[in-house]
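Below is a structure I'd like to ask you about.
For reference, chains read A, B and C in written order, and residue numbers begin at 1 within each chain.
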């Protein structure tokens, strides 16, 4: 029995020490908010977190981030609940599953405001910051069709979805397929499951290419795809048109290198910044966040042009690449936009939730 | 085989013409037995005589190839341990089949737990076992895990478990190998009490003094048959030993080969070697002689070889090898120093059964050797395999045949072959001809002669007396971890050897049965090593 | 005959020492210490509402852990538990979508889970393979079938104001969530089954010494089958309750359950070597994992540390388990002469 005792005590001691060592003192007077992500070690998610941190710094609130991996809704809901128990006044979270809705609504009803970003559940009674998912899909699809020769385009297009089941991704796929239909000569395959971790993502695209060596275009719907497709193109002689999402360093490098054609951004910075701003506003006014959709803004990047969305000034490719890895530079660049949020500007862009999937 | 008039007309259990083979090895060959009700019937014989197989057949753990078993005069088939149990046959095996982490009570009532209201009733288990545990003198915490008990106590728990089922026939296979004097006395008191109640017991043992102390009738077995069954009072120990050895088989043992010069001085000197099993063993083995090791199971023979090879640790004492160093710390070191061990259980410890002969023969050369290329050379491995297949006359289709496909004898040759590849100087052979057919045995004897003629030091353990006597220049006998005696020259005959093995004493005028009938006088008299 | 110098250890204490401390005292103390440490630094942690929230977090995983104890006790592992959970929940939810009475759907879900467990069991016994290998295959099978059936989308049953949903979402005495109560009742029941029923005795015998168990007339194959069916049924129960509690089942819910479940059971003191099992320990183990999770957030620790700490605690628990085991066998070996 004594050995069990020792080991239990040792376990407890270690856990406590590590926790204590890494803990930070918390000043109780500041507003504190929690931020929960559904992926860990993902550059795109990191850009969102950086945006949230920028908002926290600007608004003078304490931000704590909890990164769950695997897109497991139950674990994410637990993190949100733990945040609430620990005393934060608001929580921003992505919602990778319907099963989180009930729990989140309970929290909102108990007086703690919630803001959703990047992934939503329509039954959650809170604001959602994200892109217009179907619309962005249409844009991507249109660009691919144009690149392939417009309405007379012919060939096979392979679509890959890194997380089948996520409504946002399903919507994007829907939009892409809508646009691809404008060229009847195109054969559309997929969407196939291409997995979200970088290594598996590449492997799956590789297999899809091996199965369809004459594919004219390959289109991804999530953050790791453009980088994978770029690598694949480079390895096989740049035979297909690659398109996808998110302005991560690797994706931009792939486009710069000529191995990928287009990547659509969803303004990661905004998806991090705006929810925090909405939360702080709600906390200060002691009410929940408004139930509405806030378009984070679609960005379109090709080797020739960089459109950062949200009416922001154009930048060169080099500048875009620099920003992708530099949160401070990004914050500075977005200053005009963050300033526009003052006062009534915060709620100005709000649309009904349904607008997200228009 | 005279049968006295029994107290009851039908024997409780009868065995007629039981036969069982394991591959090429005959375990039972026309075994007959008749156990009268209310008696303690002892079965004695050497290892391999068939005692264990007979008991296993009665207990349902083994299915005989032919023959009949009669219970109460009715022929029955005992298909499984459960079937045996249902017929009231209980067996206490020599190898304990306890559940170490489970409590004593859980062990006593395994699969027969009393329940109350759907739940197992600990109180009922306690109540039912209290008396018996008391009689056996087992005063332990019955809720503690059984692994915390001493081996002797564990053996008593196993016995108690079977006794609780109140079997009509209680089979005891070496039940007191781990018990001390007092525990054995208590055991015998319980057995006598059971006999008085009318229970019947079948008692297997190597310890002839005990057999004479407790049993009513004795059956002597040899080579899978029963040779003699008599009332204990009409038998003497010498008679029993005679029955156990029987007529010498005329297995041709190769004559000693001429020594090769140059290695004459090499020797292993063992001084006061002790560990958990061994007590103060001292002897010397020289190059050019075959030293035999003999002893009952548990006497320490395998342990001694294991210590010399480095798989077991010694607690005290010193051993000096031909290279002037001490005990190896682990087998790899032993192999590098030219010490090899051919293990008793070749299937488990000597071979990789699912690998080819080629792979097995290169095992030591590639595995324990230092230096050399990091790459496995298939061609050199083939060379080695072919060399040994030729030298040892291993009968196989090709070097790529799997070890599993070979007969016992050829498997043993592969084990020996893999060691010969590294040119060892000390050969530790643990029962190398177990489960090997006569032809292969002869060849292995030749190899052993060759090993010692080439200047190797050979320690050869065996449970077959003819082998020991035919091959060895001297024989060391171990008894309960001590060196009981050494035989050489004129003393090397079966009778003397068997006596020494079973009683730790040399036969003398003292050998008449009834003197050993008193419990309490059992044990090694003072003054002997 | 051997002399009295048999064992280094004295025989275990005399029979009056029956009132021993339970083996689980170690982990209970660990949990208490952890909670005290966190509570002292962050008093809000000890708020009863927070503690109840944490208890609620253990519910669904904890039930699986309770079932896994039986499997680990016979030295087996069921890798498919997360997907039996998911598939059963999906099955339950789809039946509800078909407008069958939710209570019946829930019962059907439990039976469905037991059925999947039966499939595991049948494969294990007929193929004579360890459960870890069979369930390596079945977990993908169940996952795949679940995705096919729910079309990679969440299943949201309609009519969530019916009696089933209300009952599951209710709180006993206003504070205790019903699923947590079910979890605790299940834990107590399984504890009794493991330690006081003949089935539990058989399970522990098989885990302690499978060969001896066969010799004693216990069918190892039957025991394996039964524990796998039990595991499946518990997964089904957890899944069915999950649907009632969360009102939806997502397609990937359950994918990483098995790791946490096994970790909880091992932290709680059930050794990987089999032969012993502690249901109470598994409950405490699940609590410990959730307390660590919660504590990390209370301390505001950087997200990346949390993964490290959770992993470190598991490694520590397992290695301490090995050390204890090694010490015990050393002590036993010294006490027992070999040969």
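Following the convention adopted for this analysis, a contact is a pair of C-beta atoms (placed from the backbone, for glycine too) under 8 Å apart; a residue touches a chain by one contact, two chains touch by 3 or more.
On a predicted model such as this, the values are computed, not experimentally measured, just so you know.
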Legend entry - Two chains sharing the most C-beta contacts: A-C
Inset, instruction - Taking each chain's centre as the mean of its C-alpha atoms, give the chain farthest from chain C. - result: B
Legend entry - Centre-of-Cα separation between chain C and chain A, whole angstrom: 34
Legend entry - For chain A paired with chain B, centre-to-centre distance based on mean C-alpha positions, whole Å: 71
Legend entry - Distance between the centres, which are taken as Cα means, of chain C and chain B, whole angstrom: 44
Legend entry - Per-residue multi-chain contacts in chain C, two or more chains: 20
Inset, instruction - In the complex, go through chain C and note every residue touching chain B. - result: 1-4, 6-7, 9, 11-15, 17-18, 20, 192, 196-198, 200-202, 204-205, 207-209, 211-218, 275-276, 328, 332-339
Legend entry - Partner chain A, residues of chain C touching it in the complex: 20-21, 23, 25-31, 33-34, 37-38, 41-42, 44-45, 47, 49-50, 53-54, 57, 60, 147, 152-154, 156, 169, 242, 245-253, 255-256, 267, 269, 288, 290, 292-309, 312-313, 316-317, 320-321, 323-324, 327
Legend entry - In the complex with chain C, residue positions of chain A that touch it: 1, 3-16, 18-20, 22-24, 26, 34, 37, 40, 62, 64-67, 69-75, 77-79, 81-83, 85-87, 96-103, 123, 163-165, 167, 170
Legend entry - chain C-facing residues of chain B, complex: 61, 80-82, 85, 93, 97-102, 106, 110-111, 113, 115, 118-120, 139-144, 147-153, 176, 178-181, 184, 276-277, 297-300, 302-303, 312, 480-481, 522-524
